[in-house]
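Order of writing sets the chain letters: A, B, C and D. Residues in each chain are counted from 1.
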Amino acid sequence: MTISLFIEQILNGLQFGVMLFLMSAGLTLVFGVMGLINLAHGSFYMIGAFAAALFAELTGSFLIAMIASFVAALFAGALTELIIIRKIYKRDHLDQVLATFALILLFSEGIRWIFGAYPLYLDIPNSLSSSFNLPFEIIYSKYRMMIILVGIIIAIILYFLISKTLIGIRIKAGQNDREMIGALGVDVTKLYTIVFSLGAALAGLAGALIGAIQSVEVGMGEPVLILAFVVIVIGGIGSIKGAFVGALLVGITDTMGRFLLPSFFSYFFDNASATSIGSSIASMSIYILMATVLIFKPSGLYGVKK
Amino acid sequence: MIKEEKLNLIILLVLFVIPFLAYLFNEPYLTTLTTKIVILSIAGIGLNFILGYGGLVSFGHAAFFGIGGYVTGILASHAQNSEQMFFFLQFDGSNQILFIWLISIIICSFIALLIGYFSLRTSGVYFIMITLAFAQMLYYFSISWPAYGGEDGLSIYVRNVFPFFNTMNPINFYFICFTWLLIFLTILKIILNSSFGLVLKACKENEERVKSIGINPFNIKLISFVFSGAITGLAGSLYTDLNRFVSPSVLSWQMSGEIMVLVILGGVARLYGPILGAVFYIILEQTLGGVSENWQFWLGLIIILEVLYARAGIMSLFLKDSKS
Amino acid sequence: MTNSILKIDNLSKGFHAVRACENISLEINKNEVHALIGPNGAGKSTLIKLITGFLEQEYGKIFLDNQEISFLTPEERAQKGIARSFQVSSIINNFSVVQNIKLALIGKNKNYLDFLTNINLNKKLLKEAFYYLEEVGLNKKANELASSLSHGEKRKLEICIAISMAPKIFLFDEPMAGLDGESSELILQLFKKIKKRAPILLIEHDMDTVFSLADRVSVLDYGKVIVTGTVSEIKKNKTVKKVYLGTEH
Amino acid sequence: MTNLLNVQNLKAWYADSQVLFGIDLKIEPGQMVALLGRNGMGKSTTIKSLCGIMEKVEGQVFFQGKSIINKPSYEIAKLGFGLVPEGRRVFTNLTVYENLICSAKKGYWSIDKLKLIFPRLNERLSQMASSLSGGEQQMLSIGRALMTNPKLLILDEATEGLSPNLRNEIWKVISEIKKEGISIILIDKYLHKIKALADYLYILSRGKNVWEGNSKDLDDNIVKKFLSV
């Protein structure tokens, strides 16, 4: 268990965390500003990945593919908000869960119709396919390092967007007192479309970035969606800072859990059962983390007490 | 348009008759299909008790459906291969279905007590998330536990044994499940008309008022959650015996979603709602499934239309006094 | 052992900078209607929430029938004998009128863990429910949905729920709000009748009600009780006029 | 010259119980009108109905001759309504500065102008609104409404729950704002101040107009009947 291996796992945890942040940012804003549970957020992750795969094939350029994923998910988000989401803001959570659950079916089966049932492949651009060698003999993939950088840059941009620009201020005002910001002349519904589409676009970009490492297939978004829910509940619903901290926390906990727990259990059990128990506990670790956070801080780390 | 009691009776009669028709037209597959409808109905009735009547939106009821399924699968597989169960328990499983049902109900009730105790401290969106989290915990646990088949599941080859009844005969097994459906419908009908039932319905609408007349809503909701977990758990046990196979998919969040869809499509807060929901779901799966394997696209569309416009579920289409 | 049913001793509660209740001490005696008046934001609703346990006090004690209840949960305090109405009427709209009362009786008799007896066939429960409905004149509407009642009838139902609890003290939070003259009069007579069963702590803005019903009146301003006295004393009191009209008018 | 605001037979409902039974109201440009009446008589509900916050309303409401009944509140606000709501409702998760610019519109009123009439706010611009005292939050709420440069400023219980000297400070600010020629609807219970400032008075009781006129016609038995203890 060398130092370099440990640090490489930390970097992997960081990369997973940053990607989770892209997914959670939109989800927490939609949740915080509009109080809406959006199960279909994972579908935008998928749409982004498929759009990237398509455009990578058409144009051969990875950059255009990334832009395509952002724009496609943005467009899909805006369309969904205008046609369906707008009608269920005032509904209770049961209707929201059901409607967005149905949206998953629509998006997944729709994509399967268009692209067929087989996974597509999106290859890493060869400029990033090799890896760095860092001090302490650490070798780390350039592509994953790029993801970490892109994620952090977007986090900074989002932080400024939310805290410094007028749109950001109005979003936060909407979170605090939706009726009052309306009575002061701000068209809240237009604000919702912007927030919803921006969130979808970020999810689409995350889908494309990860699509290059894993495969692009129908249903790839849902497991990540559930992780994103864990992130925003830990971070505190509605808080971008909470989403960032929560994402890194979950990313590192999950990665380190899978890495350390099997070897930890190998002291008590034989290797075979140690890895099985270790990995099963690891996969449960973030849910245990979430349950404990909810019990001690019911509205999350940075959540605002309603 | 008819009254609800009449409609309920018709539903039961139709369910009662189908296996005989299937026997006459020599369509055994139809009996197995109806058994699946009955089992899904039981799962739905369990959820509906706290969702429709108690207003608790649990998005993790697959946890109980899955546990019931795995308890049955594990006990049966040990019995069939007569291996020792757990190193400290000198017990080599059992294939006696009555015993298995008892164990399933006890374990599911205990798990429901645990999950309920923690989840019911939160409310609204957080309750939905924490129930989802607990189910996902169990889902990932089942996937990464090789002893019982891990991701590719566990098959038990032969249905568990019911005294004097050959459970391998589809009609016999169907009537076992049908009886369970009747038992739970009766039990829930009694409870919902009792003082406890009235307080549970009051908790759904106004917990502040329930507190102000001297009752702690938490206890009411926890007891109901345990009942609900036990019923859905037993459905899971029957499901394993029906398929003679159990896999992590019964613990997945998609499963929780499907049970919820049955309840809502059927008609929330209507005792027999989940049955019609299950019938509709299976018919759609069989008919559209045949046409295109993207049948779930149309299911999605129908659910959205139902949420946006119909709201009251299929039951209300037949009822005179359809309250929305 | 005073003959006060409810004794509030030095109760205080603040939210950030605002001191909602500041060392409030009050005593409500047997067969008394004690009115609590004061401008908006004076702390009346906060006080009711503190007494019923929906809010936790920073310091101070509350005694019901000489038994301390300062640390009991809302449902325990209700069991001990506090029955209340809510500023915004809080009844079970999807229940019928009689079911609302049956719910209260189940709470009073503590048989909410009875899973078996069918409440629709329970003659004893029905009779008891109708006894209370007749008192407030809602027996003809027993089977109607609570949501279909008029605003005044909903107020009556809420008071009926409180009466059916047979409490040691009634806490009514603006029962007359939004009522027209005729319903106010009905509720006024109702209060005069039930006053003998248990004292009433009444929060109300409608001065006619306060002056025709209250034995004693306490005026709250900025979270403090500035004066307690009989109706005539309050009417003459200079500071009360000032609280209500700003300066000497 | 059409009046700034003309309200005829305004009715409103909370869920299914009616609260306003036909309110009539007129305001001329530059005029300050006061709505009086005991608590729960419909003053705030009238304001909420005018600003488009009430779900169910009926009747005619014309602003500069244009009908605004049942319009969404953000459209009505854009026409020139500046609301200072009961309970202040400042955005506690924003700084004072952010509260002011959040819904601001270019025009006479700006941050610099506000610094003159609210010196206390000037020092706290970067502070979170949640940390302000009741009086400071009230000033912020007024400042926020002024920053939208409204044609009609609505002050709902602007001096409620403030200490006497703070109350006088707010009254001083209100009279300065009036001098700038902006029309104002004022809801308050401090009769003495209102009689000095308001050009025209309306008294509401149980959701209906019961009296209107200017300050000098308001004699004691009307006050006794509808306002006082």
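In this text, a contact is a pair of C-beta atoms (placed from the backbone, for glycine too) under 8 Å apart; a residue touches a chain by one contact, two chains touch by 3 or more.
Computed from a predicted model, the values in this text were never measured in an experiment.
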* Would you mind checking the shortest number of contact hops between subunit B and subunit D? => 2
* Asked: Where's the contact count highest, between which chains?
  -> A-B
* Asked: Using CA atom averages as chain centres, what separation in Å is found between subunit C and subunit D?
  -> 32
* Asked: Roughly how many whole angstrom separate the Cα centroids of subunit B and subunit C?
  -> 44
* Viewed as a graph of touching chains, is the assembly arranged as a line, ring, star, complete set, or other? -> ring
* Pairwise chain contacts, counting only pairs that touch as defined -> A-B, A-D, B-C, C-D
* Asked: Considering the complex alone, what residue numbers of subunit C touch subunit D?
  -> 16-18, 39-41, 147, 150-151, 154, 174, 177-178, 180, 205-207, 222, 234-235, 240-241, 244-247, 249
* Residue ranges of subunit D in contact with subunit A within the complex -> 51-53, 72-74, 77-78, 81, 83, 85, 89, 91-94, 98-99, 101-103, 105, 144-145, 148
* To do: Enumerate the contact residues on subunit C facing subunit B in the complex.
  => 52, 54, 73-76, 78-79, 83-84, 86, 90-95, 99, 102-104, 106-108, 110-120, 161, 165
* subunit A - residues contacting subunit B, complex -> 31, 35, 37, 84, 87-88, 91, 93-95, 97-99, 101-106, 108-110, 112-113, 222, 226, 229-230, 233, 237, 272, 276, 279-280, 283-284, 287-288, 290-291, 294-295, 298-299
* Asked: Where on subunit B is subunit C touching in the complex?
  -> 190-191, 193-199, 201-202, 205-206, 208-216, 220
